């Protein structure tokens, strides 16, 4: 089995190293990740300049581009064989609810999925993430299950793992994405040149964090696994928009 | 009525100017757009540096950030009142099918929608886009309809307009997003320093362009209107993933 | 006469517009300037990606690169004829003393000079610069003098103009560069994500601002004109280094 | 003795590692280098965003900024004590003649010098640089000499080393900077989207490479040591400019 790994924190991130190390006994691993932290990159593709691919002493490849660029370049121009899976992470911090829209971690897995490859994004749900080994073991178990019993249908899974020891995990939950309250306002401040500048504020608190959501699973110590889809069509609204346009 | 305009081609783009001019008789218009071309930016948010807001001689504001940054900053930190609508475009080139995942034009409208504001992304479906006036008039008619008959439910509409004169338009079609074939491979080349570099290749050709899709509408001369949603949960797959995990 | 104009504040800057307007009656003017503010860019050249050249509605060209890139691209790839002069500015704020090392305004003129073209950098010496018309008139008079009486030797002139009305100017002074005290320390602060970040601090105050320096000329209401050279060899120290190495 | 190391190739570059390893027995070493390749950065300072300082597993610090930013931040905000020296390199490729104007390697040393610290820039004069150990040993010998016999005057030395084994070196030469012919023209090409783009071309060939220059020393197998100065005033031209203005 061949697995392509990427992330959005950069090729030097400890979460990526933990993932590569844990998966090495199970599969041929290739790592292609951004040369610098690209958190918040979403699915952005670099169109205005070419990408360079370099290799770090440990063997990881890095690209002067986004997470999406990394997977795109690896699959369509670098690897001799299509990988059997793309796994992105382990992200330093959760990617739940609306975060999935902005996340570079989810984007790297999304690019794999859009290129026809089963893909997993995995995040450790704590801003001071510690237990990368726990998250890595969750991925190992998922990959072993996929090897033993391949799913009938291609999957794009968004996995969030509580930041605690393996024995303290409550098990797996298949979840839907929750919703956050609106993000906090930008933070207006002044730089040392006296110019007004604005920082994008923190993400909003969970709004829909009820039973069945990723927020709820994590809050209760379970691993959250959300199957994602990438067709943004709002089918349920097509009739009403049609009626409204004709009214 | 107050309308916030943005785009991903930059504050100086002719499509944005055409839109602002056409809407000025209908509403109070504020333009906040990227300082440079950010095509392909997707929903990326700038987290590692603060943003600056400046005003061009014509009155348009521009930001050293992404389309998402522009709308986020305008709504959460700059405008005194919430806008009644966010409109993004008129993009130079189509945003159909899987393009919506990568598009900065769609992302600006998405950010408005996630902040609770009805939003429209509008694109002129030709790489050598000419008839911005046609697309602007489509938007004017949509806004007039919204003013006359507000929809019951918040909407995020992705509008693509054929690049032809107004009288040659075939009317409006409510569509689903089509699908593209996989993107073309990266283009491997050498820079003048003898280093190997890779350009992200062109988007794939339409794969699902059948009746009912945005591709089909545009190919037949109709304006395509696709209602979008931003919950990426694949609800239809939750049971099978659950079964697979427990098997 | 053909004059190439550039700057580091961006193609939309009022100082550049004032310069272009004032020089139009005297020469064929081409403007090639950065697409965004590149203050502090020094002589940096963009080597890791190609440059794009676009034209704004008013006719100015802009480049997604540094001031040095702009002049380099214009002279070596875009213009049909070598320009007779390169003029950079009018910068918003002074470029005196050690500032010349970091300045993008000076760098654009330097690139012209290194390509064999007499060049002038011009700056309006006030952070809230108002009298661009005064600085533009100073440049007009210099260009008229060059037209009437071409200098025997190629020149790279660094011109700083007091921010006051033309009639209040005290005349021209040929000056040497003064020296500044060390820059102020970086400003350590925390971003909204709780991360420590550092802003580069303000430039140091003038240390050598005595008679004959650019600082002294400006402080006394004179236009400061400093001829620059680009050979960084410290000839006066070659013997002592030689002796020290052999001791 | 405390030495601050930096470079422009990035904190992960083999030339920097070789330098740090060779100097460790002689001094307390702190490394603060750019997070990515910033070749060609010249003396550019980052003014529009704050810098972040992070530490790699091996202990090296890296900054999301230019070489100048790295030294500036280290000296004015991070280190408890002023370093006794700043050394920048070992650059992958020569920095001779006019290259010194554009070089990020030279710029890092320049920033140390402008902050009052004796500084050395060191480059291995081959685009396929191999003998970093040779260049590192040259630096070790210079540092030992400085420790044994401190120079009377602050120095900024630009050192270029032939890419060969230590025993094949011809000795040290104190040199002046040579001159290059004008750079080659930009390379005009087309990207995969059909847009015209321009790559900055290669540096010009040596024009003044005569006896006494850095080019000449390297071509003949000697280490080239050029003392640099940062006062750009062209004193020799002040009188003629004065006469010309008054004529």
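Read from first to last, the chains carry the letters A, B, C and D; within each, the first residue is number 1.
Here is the rule we go by: a residue touches a chain if its C-beta (ideal position, glycine included) is under 8 Å from a C-beta of that chain, and two chains touch if they have at least 3 such contacts.
Being a predicted model, the structure only gives us computed values, none of them experimental.
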- Could you label the subunit A-subunit B interface same or different, taking same to mean over half of its residue numbers are used by both chains? same
- Identify which chain pair among A-D, A-B or C-D reproduces the interface of B-C, meaning that over half of its contact pairs, matched by residue number, are the same. A-D
- Task: Please compute the C-alpha centroid of subunit A, do the same for subunit D, then give the distance between them in whole Å.
- Result: 39
- Starting from the mean Cα coordinates of subunit A and subunit B, work out the distance between those two points in Å. 23
- How many angstrom lie between the CA centroids of subunit B and subunit D, rounded to a whole number? 45
- Task: Give me the residues of subunit D that touch two or more other chains.
- Result: 47-48, 50, 52, 64, 191, 193, 199-201
- Item | Residues of subunit A defined as touching subunit C within the complex | 48-50, 52, 64, 187, 191-193, 199-202
- Message: Can you tell me which positions in subunit D touch subunit C when the two form their complex?
- Response: 37, 39-48, 50-53, 66, 68-69, 72-73, 76-77, 98, 100-102, 104, 107, 110, 114-116, 145, 149, 151-153, 155-158, 172, 174, 176-177, 182-186, 188-189, 191, 195-201, 225-238, 240-242, 244-245, 247
- Task: Could you pull out which subunit A residues touch subunit D in their complex?
- Result: 12, 35-36, 47, 50, 56-57, 64, 191, 193
